[in-house]
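The structure appears below as structure tokens.
By written order: A, B, C and D. Residues from 1 in each chain.
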Amino acid sequence: MPISQLSYEMAHLIGAAVLMAGFQLLYQRRLFAVLNTFAFQAVALAAAAAWQAHIQNAPHLYITAGLALVFKAMIVPFALHWLVEKLGIHRTVETAMSIGWTMMAGVALVALSILLVLPVTVNAAALTRESLALAMSVVLLGLLMMITRHNAVTQVVGFMALENGLILAAVSAKGMPLVVEISIAFSVLVAMTLFGIFFFRIRERFDTLDLNDLETYRGDRQ
Amino acid sequence: MLIAAALSALLALAVLGVLAGGEMWRHRVVYFCCALASLALLIGGLKHLGQTPGTGPAIVLPIGLPWMAAHFRLDNLSALFMVIVNLGTAAASVYGIGYCSHLPEPRRVTPFFPLFLFGMNAVLIADDAFMFLVSWEFMSLASWLLVLADHKNPENRSAAMVYLMMAAFGTFCLLTCFGLLAGPEGAYSFPAMRGGVLEPMTGFLVVLLAVLGAGSKAGLVPLHAWLPLAHPAAPSHVSALMSGVMTKVALYGLIRILFDLHGHVAWGWGAALMVIGGITAVMGVLYAILQDDLKKLLAYSTVENIGVVVIGLGLALAFKDSGEKTLAALALVAGLYHMLNHAIFKTLLFLSAGAVITATGERDLGKLGGLLKRMPWTGAATLVGAAAISALPPLNGFVSEWLIFQSLFKGPGLPHWTMKFGVPVVGAMLALAAALAATCFVRAYGIAFLGRPRSAAAAAAHRLPASMRWTMAMLAVLCIVLGAIPVTVTDALSGVVQPLTGVHFAVSADLGWPWLSPVSSTRGSYSGTVLVMTGLSLFVISILLVHGFGTTKVRRADAWDCGHAEDIPETQYTGQSFAQPLRRVFCSSLFAARETVDMPEPGDQSPARLTVRVIDPIWTYLYLGILRVVDAIADRVNRMQFLTVRRYLLMMFATLVFMLLVVAARQQK
Amino acid sequence: MIAQILALPGFDNPLLWILGVPLGSAGFLAVLKEWRVATWVNVGASGITFASSLLLLERRPEPTRLLFIDDFNIYLVVLTSFIGLTTAVFSAAYIARETEANRLSDLHLRFYHSMYQAFLFTMLLALTANNTGVMWVSVEAATLTTVLMVSLYRTREAIEAAWKYFILCSVGIGLALFGTILVYLAAQPVMGDGADAMAWTLMIKRAHSFQPDLLNLAFVFVLVGYGTKVGLAPLHSWLPDAHAEGPTPISAVLSGLLLNVALYALLRFKMLISANGQALTPGPLLVMMGLSSLFLSAFMLYRRGDIKRLFAYSSIEHMGVITFAFGMGGPLANFAGLMHMTMHSLTKSAIFFAVGIISQNAGTKRIADIRGLTSSHPVLGWGFVLAVLAIAGLPPMGVFMSEFLVVSSTFARQPLLAIPLVLGLLLAFGALVSRLQMMAFGEPPKVAHAHGNASTVSSILALTPLWVHMLLVLVAGLYLPKELVTWFQSVARYLG
Amino acid sequence: MNAVLGQLGQIFLVVALAPLITGWVRLVKSRLNGRIGASPLQPYRDIYRLLQKEAIVAHSASWVFRAAPYVTFAAVWLAACIIPTYTTNMFLAPAADLIALVALLGVARFWTALAGMDVGTAFGGLGASREMMIASLAEPAMLMVSFSLSLISGTTSPTQIIVFILDGGVGIEVSMGLALVALIMVAVAENGRIPIDNPATHLELTMVHEAMVLEYSGRHLALMEGAGMVRLTLFMALIGGIFAPWGIGVPGTGAAGALVGLGAFLAKCFVLATALAFFETAIAKMRVFRYADFLGGALLLGLLATIFLYVSEAV
């Protein structure tokens, strides 16, 4: 099936929504707002996956879309919400770098992604080109979020934003075998379980989720 | 065949050494077998030396680098060094038969001793870079373990540490040097390297690295730091080998690379080597004069002698590059001769130091004295060794120094102005070193063996096993023989230098057998043989004259001492007081030697104190400096162990972005 | 498409056993209650795995879309299953003594054994997978299993180490996935949609027509991603703590196996790049990472007070050397890198075996409290000395041969790069030897610790793997089997 | 004249003449000090007297102490045998050269110093220590002189150098002058003359050579004194022979040449001994730690002598 102009633009639009959500994540100062934004990003991702499934005529991508919608947009934010309340974590986001600088760094990263991806994918299907640039931006923004936040919950969110970027890239890659999607879903599942265990243990021992406290206990101090 | 059998036997002996356990006779058997193996190797080397110049049979073993196999070959140079090495090892092994029972933990010595012998011999016959380095490191490793034999003493541990570090440094230098010689295709066999053509820059680096690599093992200043630490730490028969023999193996490496593998070393390197040698000789002997520890003193004296040899080697290089092949051969013969001699008398002296330490338990000169009476054999042999190392005729040490001086005196004939002006300066350094060496050994021998005992331990020195005494006696005889028949030795050596300098050279061509006349009969000559005969005759005549004209009566009495009759051995000159004039003259600026007198107030009963402070500039500024730098960097780097997860992620992120930028930049091109 | 990938091997195929036995026993051990039996099941399963891996030497199965065996991974599979076996043997002794000291509960032990086999399974799958995606999944799974094992002791330090390990490696593995997707995108126009564009055996043949720029970009992500797992500085941060806080057998397999597998993944991608020909050479990046790892760890070694962290940093150092070698490229350096990988695995796991016993004997991991091992425990002490000397690069052990080749070939081509390499090696050498001397020599401590009197059986059991490894390393330093050399050389050619 | 005969004559001559030269120096010095002084033959009597006395050996001394006088004397004598005095036609000439000469003197010093330390008194050690310090600078200076002479004449053999200079191979050169000064300074130090050492002193703090032989008596002391006298003769022969070789007998001139040579040698010794006495009377002894400056100067002069050869060549 030939891919129409509309299909591109739709795909790019949804991709751009994911990226926008990524920026918003950087911008949020309140923990619950971060979780909500993350949920929004996951929804956008699900939409992107579904759209790709539609235009590539690849039904298995619907599964990915469904997973993203149910798992990332609903269960995870809900679980984190619950954790924050349960553990009584500070509701404000502690940043290591001022929001303004973070945003600027984010813009620079997006520029870098475009600079890198667009020229090199001249021969690739147009569908993939821009999606790839968008996905890479989301990955880098997720990473940026992880390094500019002190709070463990925000870091986890950053990590998952990074994974969202990965999935965006994966679904945009034409004909990529299912195994990848399965693995991503699988890894997120496991990652969550692990996080749960960790949170449980960390609360058990440290009373807080702030990584600054966690890091004071370190072997090999001389 | 003999050699291969002996080497395999040494490996087997190492296993036996492990199995020897606590039974002392088993250890003795191992040492005895080591001596046999050394003798076999010695004979193998001598047999090859007797043949016409040329390379011996090669042995290829299916080990080593997989696509190359291990090559071994005995040529004249290796054969000579095999003789040098195994003279020392044979002596040390025989000595070990008696000595091993005096060691605190013989089980930590016996297994590694044969390995050490194996390593040194394997270096000599290795015919490819890989086996050379494996053997080289084998030698270092075994000797490191031997230095650690008395590991409970923290000083020995730090000595071993410094030693192994320096050894590793040297190995890396040699490794890179061979890498350059082999080229990017990895032609690691020596015959392939010989054929290689080197760029000027590469050639320069090869020589530099060879000098650093072999020099750190041989003990060239400023890479000598490990010698005075490691030699005292090791058991004495091992330190004899490390000092007398292993340093020669290092010089073998240097000669192999500079004269054989590297086709064409520029004369400038010869000049540089001469200067390094001169500095090494003078610094080494000055250090030696300041030492109170018998074995440290000997170790520094080794540094000096290595310097002397290196002067000869440098001179040979300079002559060779300038086309003066005969003079190159002369200088090389002189250097090789000195190595042979040093191997003998330094082994002797270390063995005697071991004997002194065994007999008294002391190695501080300040606690010794009067040992000649308690240990007449050791004392006499040591006297010969001390005289030989002080380059006194008619002993062997003099002959080689004479040859070096002779070739040095021809140095200004070279067309380079650097050499014209530099050679006399190096000559002055060599002369200074030779004179100071005599001072050093007058001091060492006079304080330790003559005079009155300075401690109860020295007064109660006990007899030693026969094997130890005989070893020393044999070495002393060798010192005399090699001095008395120099021409025989140089004739043998000229066969060794022929392939290296490309000219057949006979130092006795002009006047015939007993006369050593390096250039021509009218250009200065020497005959140890004639000198010994005449000297002995004059000695006998003096005795006859004196006894003929006068009385032979002798009366024993108390020492007169200008009327200050006393019975306190402490009033004798000590090592430190003996060194005082020299310390003031030579060391006040070089070592920042300072004396402070702490004189009590009048009426105060406390004793006055004289404190001597000497700073070793090389150790303080070079080695400790490096250590400080490493420490400071390590402190800074260590902060990275204690960052937060977020910062680690930041590092990762930065790496990623950096690499992306690199790719972006490279793609734009 | 799925069926294509999941075409399972038949019973006569050794790969079935190599992968099936660890997976099956992981499940079995998860329900097995008696830990004493479990240790032996663990050993037995690893033994069967090793035995079946030896069958590969006889007969290589045909590559499928899922699994394949070639010159590169064959020896790694054998090596992995071998170290898996020896570590299992060591682990049996180690666990016995840990339970004596009441440090581990039964539940923990069940979990431990099950995870051990699961870990082996993921390692072997990553090595044999003929699909970039499957390989990625296995490496991810390997991370998860080891995270759980690192946190086994439930101490604050262990949890923190595991947390750090988990976060950093998850991010790394995410980046690696992005790289994998990029490679797929580069391959897809040539290979067509589907699993063909992810199969090593197929991709390598047509890699020359891949989009080179995309490969460049992909390689950066793969390098940072898998490089984190390899422990290249400055991505190394998880490694020392994860090694130090987990049970010692896990440190042994982390250093000896996991790092190799991650490096293997990295090298597979490098093969694609060099087969492509037009892509930028990744050499400079690898050399840079190699040198930074070497220097960082060399200096770090001087400040380590914890014996396990010390050797963890030494692993970073060696990974740096290996990466450097592959960065230099050329037949000699690549050969050296492959050899160094093998030798490092054997030696480092041997060191960790020794370290495990040492710290159990001494009751501490503090270097300052460990003294005079060659006097107090001669067999262990001398084995430890031999192993540390081997890892420090002294002949006649195997590491020397590889370092010889790396340094000499580098110096002949790029003296300016070789100088820092040599300096770094020398620095690391100094740190290791000084620590070695502190621990192995000197007066042993007077007080005999409570754990110092283990039964002879368990101490022989604990020491055998150590000496077996050292014997292999010793032999390899002087003699390499012809087959291994041929494999190394053919892989070295592919690596460019 | 036969080389063997020439050699035998030389061997005899140096021993026979040595006390006379020492006696002459002492006589001139006495006269300069305003004393009458003993006969120049007095040293012969002294030595004979010492030979008749029994030798006293300290309890703490070993065989080194007793052997040292003989070794010292034989070494110095051997060294003196190879420096041509009255003829260059000597059998032993090729057996040793200037380097060997330095070393032979070194043998004598080595044994004397050891003997000084053997008794185990403070003075013996003091003497040995100072003597070796002096030697450590004097020996290199002497070797540098040999170096420059070897560069000028192309040989290190004293006989050959004399032959070369006699043949007019060298004119008046800066280097020769520098070498001469250096050699004289070395000779002063080697023989223990003022300003380095005072052979007549027994003041504890200043003695060097005397401190070493303090414990000797009888025939041992005779030998030690004799060795000193021969050494002085040796240096006079060396200086006189190389810097004023005229008159010395060369091969082929027969007995007449030898006689002329003998006369020339006696004349040179007479002049040098008188000059030495004047010199010693005119100056004062140095402090011990100033020796280094004096002898370091000699060493540098020797070095300069070699370097000046090329400077003059280049100009």
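The definition used in the following text is that a residue touches a chain if its C-beta (ideal position, glycine included) is under 8 Å from a C-beta of that chain, and two chains touch if they have at least 3 such contacts.
Everything numeric here is computed off the predicted structure, so don't read it as measured data.
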{"item": "Number of steps on the shortest touching-chain route linking chain C and chain D", "value": "2"}
{"item": "By mean Cα position, the chain sitting nearest the middle", "value": "B"}
{"item": "Interface ranked first by C-beta contact pairs", "value": "B-D"}
{"item": "Furthest chain, CA centroid comparison against chain A", "value": "D"}
{"item": "Centroid spacing, where centroids are CA-atom means, of chain B and chain D in whole angstrom", "value": "35"}
{"item": "Distance between chain centroids, defined by C-alpha means - chain A, chain D (Å)", "value": "98"}
{"item": "Geometric centre distance via CA averages, chain C-chain B, whole Å", "value": "44"}
{"item": "Cα-centroid distance, chain A relative to chain C, in whole angstrom", "value": "31"}
{"item": "Multi-partner residues of chain A (each touching 2 or more other chains)", "value": "116, 119-120, 143, 146, 155, 214-215, 218, 220"}
{"item": "Where chain B touches two or more other chains at once, by residue number", "value": "641, 643, 645, 649, 652, 656, 660, 663, 667"}
{"item": "Junction residues of chain D, two or more chains touched", "value": "none"}
{"item": "Touching pairs among all chains present in the structure", "value": "A-B, A-C, B-C, B-D"}
{"item": "For the chain C and chain A complex, residues of the former touching the latter", "value": "1-2, 5, 131, 133-134, 136-137, 140, 144, 147, 151, 154, 156-157, 159-163, 166-167, 170-171, 174-175, 177-178, 180-182, 184-185, 188-189, 192-195, 197-198, 211, 213-214, 216-217, 240-241, 244-245, 303-306, 309"}
{"item": "Chain B-facing residues of chain D, complex", "value": "11, 48, 50-64, 66, 70-71, 73-75, 77-78, 81, 92, 94-100, 103-104, 106-107, 109-110, 113-114, 116-126, 128-130, 132-133, 135-140, 143-144, 146-147, 150-151, 154-157, 160, 202, 204, 214-215, 218-219, 222-223, 288-289, 292, 299, 302-303, 306-307, 309-310"}
{"item": "In the complex with chain C, residue positions of chain A that touch it", "value": "116-117, 119-121, 123-125, 128, 132, 135-136, 139, 143, 146, 155, 159, 162-163, 165-166, 169-170, 173-180, 183-184, 186-187, 190-191, 194, 198, 201-202, 205-206, 214-215, 217-220, 222"}
{"item": "Contact footprint of chain A on chain B as seen in their complex", "value": "641-647, 649-650, 652-653, 656-657, 660-661, 663-664, 667"}
{"item": "Complex interface listing, chain C residues touching chain B", "value": "163-164, 167-168, 171-172, 175, 213, 216-217, 220-221, 223-224, 228, 234-235, 237-238, 240, 280, 285, 296, 299-300, 302-303, 330, 332, 372, 374-375, 389, 392-396, 400-401, 404-405, 407-413, 415, 418, 422, 425-427, 429-430, 433-434, 437-438, 441-443, 477-480, 482, 485, 489"}
